[in-house]
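The following block contains the structure, expressed as structure tokens.
Lettered A, B, C and D in written order, each chain numbered from 1.
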Amino acid sequence: MIKKEMIAMLLAGGQGSRLGVLTSNLAKPAVTFGGKYRIIDFPLSNCINSGIDTVGVLTQYQPLRLNTHIGIGIPWDLDRNIGGVSILPPYEKSQNSEWYTGTANAIYQNMKYMEYYNPEYVLILGGDHIYKMDYEAMLDFHKANQADITLATIPVPMEEASRFGVVITDSNKQILEFEEKPEVPRSNLASMGIYIFTWKVLKESLIALSEQKGCDFGKHVIPFCHERGDRVFAYEYNGYWKDVGTLGSYWESNMELIDLVPIFNLYEEFWKIYTKTDTIPPQYIADSAVIDRAIIGEGTNIYGEVYNSVIGTGVTIETGAVVRDSIIMKGTVIGEGALINKAILAEGVTVGSGAQLGIGEEIPNKTAPHIYSFGLVTVAEDTIIPSDVKIGKNTAIAGQTDFADYADGILPSGESLIKAGDRL
Amino acid sequence: MIKKEMIAMLLAGGQGSRLGVLTSNLAKPAVTFGGKYRIIDFPLSNCINSGIDTVGVLTQYQPLRLNTHIGIGIPWDLDRNIGGVSILPPYEKSQNSEWYTGTANAIYQNMKYMEYYNPEYVLILGGDHIYKMDYEAMLDFHKANQADITLATIPVPMEEASRFGVVITDSNKQILEFEEKPEVPRSNLASMGIYIFTWKVLKESLIALSEQKGCDFGKHVIPFCHERGDRVFAYEYNGYWKDVGTLGSYWESNMELIDLVPIFNLYEEFWKIYTKTDTIPPQYIADSAVIDRAIIGEGTNIYGEVYNSVIGTGVTIETGAVVRDSIIMKGTVIGEGALINKAILAEGVTVGSGAQLGIGEEIPNKTAPHIYSFGLVTVAEDTIIPSDVKIGKNTAIAGQTDFADYADGILPSGESLIKAGDRL
Amino acid sequence: MRAVGIILAGGHNNKMRELSNKRAIAAMPIAGSFRAIDFALSNMTNSHIQKVAVITQYNSKSLNEHLNSSKWWDFGRKQGGLFVFTPTITPENSYWYRGTADSMYQNISFLKNSHEPYVVIASGDCVYKLDYNKVLEYHIDKKADITVVCSKVPKGEEPNRFGILNKDEDNRILSIDEKPIEAYGELISTGVYIIRRRLLIELLRKANEEERYDFVKDILVRHSQVKQIYAYEIDTYWSNIATAEAYYKTNMDFLKKEIRDYFFHEYPDIYSKIDDYPPAKYNQGAAVRNSLISSGCIINGTIENSILFKKVYVGNNCTIKNSIILNDVYIGDNTYIENCIVESRDTIRANTTHIGEDGEVRIVVEKNDRYLI
Amino acid sequence: MRAVGIILAGGHNNKMRELSNKRAIAAMPIAGSFRAIDFALSNMTNSHIQKVAVITQYNSKSLNEHLNSSKWWDFGRKQGGLFVFTPTITPENSYWYRGTADSMYQNISFLKNSHEPYVVIASGDCVYKLDYNKVLEYHIDKKADITVVCSKVPKGEEPNRFGILNKDEDNRILSIDEKPIEAYGELISTGVYIIRRRLLIELLRKANEEERYDFVKDILVRHSQVKQIYAYEIDTYWSNIATAEAYYKTNMDFLKKEIRDYFFHEYPDIYSKIDDYPPAKYNQGAAVRNSLISSGCIINGTIENSILFKKVYVGNNCTIKNSIILNDVYIGDNTYIENCIVESRDTIRANTTHIGEDGEVRIVVEKNDRYLI
């Protein structure tokens, strides 16, 4: 007889389109973070550190990188005989076959998976945030309140509360009202999109709402349960919690890791963040290298200069190259004498020698100003940037570009250069 | 650097509709076989026994049972850090998102998975047959012939050859011609639907045929390669190979296992068939039991009589019940005094006391005579059959039926009783 | 869970007769598909103890093989795991384990590097189900230094091969008679103890300084006056298999429906390593009554009131009565076996008779050449 | 592959000085992220040998922990696997391993139960890459009884801590001088042997009967006249780390680009157990030149021509030159370290100086209380 007290369902299906070209080939939870991690490592590690050994990961958009990364869950100790991590993509049924149409719909379609483990509680997680949280403490809170649903919430500054969904509670933390992005917020407790459901309640409400189009937890399930009188509570979390949904917040939270005493400490022993590492050898820092405030991954070779940057695994920075205020992901090569200034370079990028990225003045991006801003240069994975070109700020580059793609060898600030290739 | 000499791609997406109600809730490769196995155990075990430790399983139709069964591959030793077994369902892409439309199309959509392992050869397998085969011997043959493609073939009786796709070869086993179900066969070498491709050839031809609708290996890829002059060879296999695509052949091959010296020997030490077992305890045979020629799985309790039958794990056969010439799958309960005659009872069926299955004369099934024939009673999983009803031959029953569903307590031969339930 | 586990699986014993020539007692097969240590291991994992050390020394190969993956008992690695400790030579020490206390002392780093406040010590040769959390609650409640789980003497057992406990009304243990010549009292220690981790480290260190090496004799008995030692009594099934007779009886108990139901069907499950054998096969001529048959068996003869472990072949016209046939045994045609324990991997010649007489169980060890099947 | 593998990892050695107090030589950390045994294990798996026994005895805890999952080296379980053999007491035997041959003899069931025709024996304390299949082809080609893989004496090494081989033009070995006082010849045994499985079983049994326990002295040397023993010479990088000086030199070799490229970037890879440390962090004040830095390090000072293993903390204003800092070392502010090997888990007090003088490498073992970081 299989019985798990609490299982987790991790929603990892979203594209995260506000990360621009970073997610054109992979789902947002698969984006790398902090030199060697991927965003999904944080909720997965939180699970195993909280004693949850059964996690269903719901995927939909471009799941290959995620599948390869998670594999059978070895790094997170989730390779189990009973439970462990399971990837749950949409599937064909004998009557209707459909993609996941909403967060709750995705969970609904995997009802049998949950039933197999016969849980008492189900934890619903997203794959979009960087944080360390003890879900067991939240479960204790849920049990102590005999709650049907517990929402994790975080206090935000009152003046920012109108950007969030906030909850109004009584003194026992039972939720009285929800407000979605209120103009005049009456509370600063913002929902984190993390829920514990008593299994029976979740099952009933999903079945009751099974005809709801695009069924979503925040929009449909929680209000439905609240209205019918279920006990819904707010658990207050007070640690580091960072949304990395925009290029700006993604860049910022990476840079925060470099601070001498980081707010969010990866070096902490007792709440480790696990990840899959292919690269075992140490990094080599050459005689010619200068490194001032940086985080650097395994197997990287540094011959040039690095200032205030996060460098992934297996990166090569050649002699004379200067990298400043940038994020360089796994396997990228920076040619001799190249200059990288406030840029995000995705995995497997090649920058030719003498190229200069992030120069000139700041001009809003012409095609997607809401995505490519913050003065950043954003380079998609496997992009090739030829030698000696100059690239301005608020720019995006993707594809195997050559010198002819740059008028006068220049991509001015605010421009995008997206070159579709024959990549399989 | 990851490098695998040969990886396997196992096509496990099909419904197998000729198995009738047995596959209404699960894909054909997940159907149980021989008391404790599922059909997919045979190709999976063949892989690990042949030294192939990287297997992609392509699923589409109702994959949950298959996912749960395969898990992370522990029983087959396919829980690996690099490689192992991966479930590959269809996924959403940034441009077009589609289900698998054909065998080759399914492989095409997983090109990146294969590329990750950097193989020299790719083995294409189905999940529809019961057999033991050393794919390594086939690979040796492929290499020795410097073949681009090798098809596994089996000699069939000449008079039956017209039911198969046959190949005509020269004396070196190089294939000269293909014939699909020829009226006057010129060869008795039938293709088994098992292919070894040199990776480069597979990749090129899949890209070349990427626009082909419903792209299929037998219909499109192999003819395409053959026509352009690739070296295509026929490897001859001479062991037990049984299609279990119809209820009749499925029943027959189960019954063959009971023979004193079975043609297909599961008790062989050196080519073990592995499977996932939840049930550990031994079976208990009571004082009142009679067992004459049977195969019985773990944890089963037998108080009644069993003749010439295959009984799965965790089955209960109560006192006075008589089971003859039948297949009883996992977790099924046969009530006191019930009579089961030439029936296939899927997983989790409950037969009430005194019920009689498979009596009366043989009349063709009225709704699906091509499916429900051979005189069999076929009962879908989790079906409930009430006490004291009588059920004829060539019948199918599904759902939680009660006595009122049976006119005069009888389901005559040739009838079907499919009762859709509120099962999630 | 707030405790780590230690399973003492090093022992061997002359009372097991020939059966202990091949393996540690904790590796003895039980009830067709299990090994003795599965019960302690499953109790640990079912009590959510995630970090368990198995200490083994004597003939440990077969045990090590059984434990080669922590997966079967659902132990993790990162937040705990299953550790198997065998003797090793260090600059400070080149002795084998000299007793149960010494075996723990030589692996004291396991205790030192843990942060859980309590330790559950269990022996690997008992068949039972127990939620150690309940014992721990009791331990905390009683403010005990050590809690000993105890049981009434199982029926038909001599009490004097056990430790006999005398306790007061409050369940505090007043004295412990380890294997007394004559036993006064019917309450015996089950070999399961709960103790605070730091106290255990201290007691082990002190015992080692004094060159005392046995946990029961040198620690438990010696401290019964000075420390608060409490008894936690269980009345569910409990059996120690460390004599050939007890081993036979414990196995035969599984032919009773209530024992089978308790261990096989009631939550929580007992886990074990999975072997890859096909289902059992009954050929023409097979006649089986009131018996447990395991996977991989092929049966052509008559079996009554017996337990067949995995992969036993029974030839034509054989009769097996009131016997235990351990795994991978080949029994030739026309053989008669009664009141026997047949050692694993035996090959019994055709046309032979093996009977344990005068109510005594006979242990059959026969290594003939095997016919290929 | 047609061979099983045996890795002899039981040894210890005074020439390792203080470094072998903590672990078997095969468990010594190498090149920032590896352990010595990773090289033999990776060679095995890269040669598609799927069944490997590691025999260990001395201070095996840290080695056992490293080997606790066969996953990292991609060994399976069903068609082989990674077996770790430690000493055990059986009815026939209660000795520790008395030598390399005895350690194999005590585990002879591993050899008997295998069906592969050949055995590759390797020692766990050498750094090299080798496709054992090539050696096996040569072995079969030569119709050899035993093939010994040999190498020229590495530069700067004394030949007389090795076995010196003398061979004829056909590469047949004429004599073997094991650790001679004076060495004639420059060809040394690398400790890698190929031998037919049945012959090994026979030789081990015979040696045991004669109470001889060492594979080289009692089997190889004694049979150099009677058996066909051939030498297979390699000219790629090979190094034995079994003295403190050789250990230091081997590590420092990895600061050379060609050595790094050979081991880190050329196919096939060397595998190791994955630890869960974050990337290295360079704070203000860090200045690193020509050094290898491993994951989990936090650097505030100056590092030159050095190798930092995992999770080393270097305080402000420190200078580390020509040194090896093993894993989990905390170095307090204003410390100066030159020509040293700093033992793992050390805590170096602030404002201290540690220099290995006169070209001698100093081994620093300091267990001070650690400041929390």
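Note that in this section contacts are C-beta pairs under 8 Å (C-beta built on N, C-alpha and C of every residue); 3 or more make two chains touch, one makes a residue touch a chain.
Bear in mind that the values here come from a model prediction, so they are computed numbers and not experimental data.
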Most remote chain relative to subunit D, going by C-alpha centroids?
-> B
Which chain pair is joined by more contacting C-beta pairs, A-D or A-C?
-> A-D
Taking each chain's centre as the mean of its CA atoms, subunit A sits from subunit C at a distance in Å of 48
List the centre-to-centre spacing of subunit A and subunit D in whole Å, with centres computed as mean CA coordinates.
-> 41
Taking each residue of subunit A in turn, which ones touch at least two of the other chains?
-> 74, 80-81, 272, 274
Residues within subunit D bordering two or more other chains | 71, 77-78, 269, 276
The subunit C residues in contact with subunit D across the complex are 21, 56-61, 68-69, 77-78, 81, 86-91, 94, 96, 109, 276
Mind pulling up the subunit B residues that touch subunit C in the complex?
-> 34-36, 74-75, 258, 260, 266-267, 272-275, 277, 280-287, 289-299, 306, 311, 313
What does subunit D use to touch subunit A in their complex?
-> 31-34, 71, 260, 263-264, 269-272, 274, 276, 278-284, 286-296, 298, 303, 307-308, 373
Would you tell me which residues of subunit B are touching subunit A in their complex?
-> 2, 13, 15, 24-25, 59-64, 67-68, 71-74, 79-81, 84, 86-87, 89-94, 97, 99, 111-113, 115-116, 207, 278, 424
Sort out for me which residues of subunit C touch subunit A in the complex.
-> 71-72, 74, 76-79, 267-269
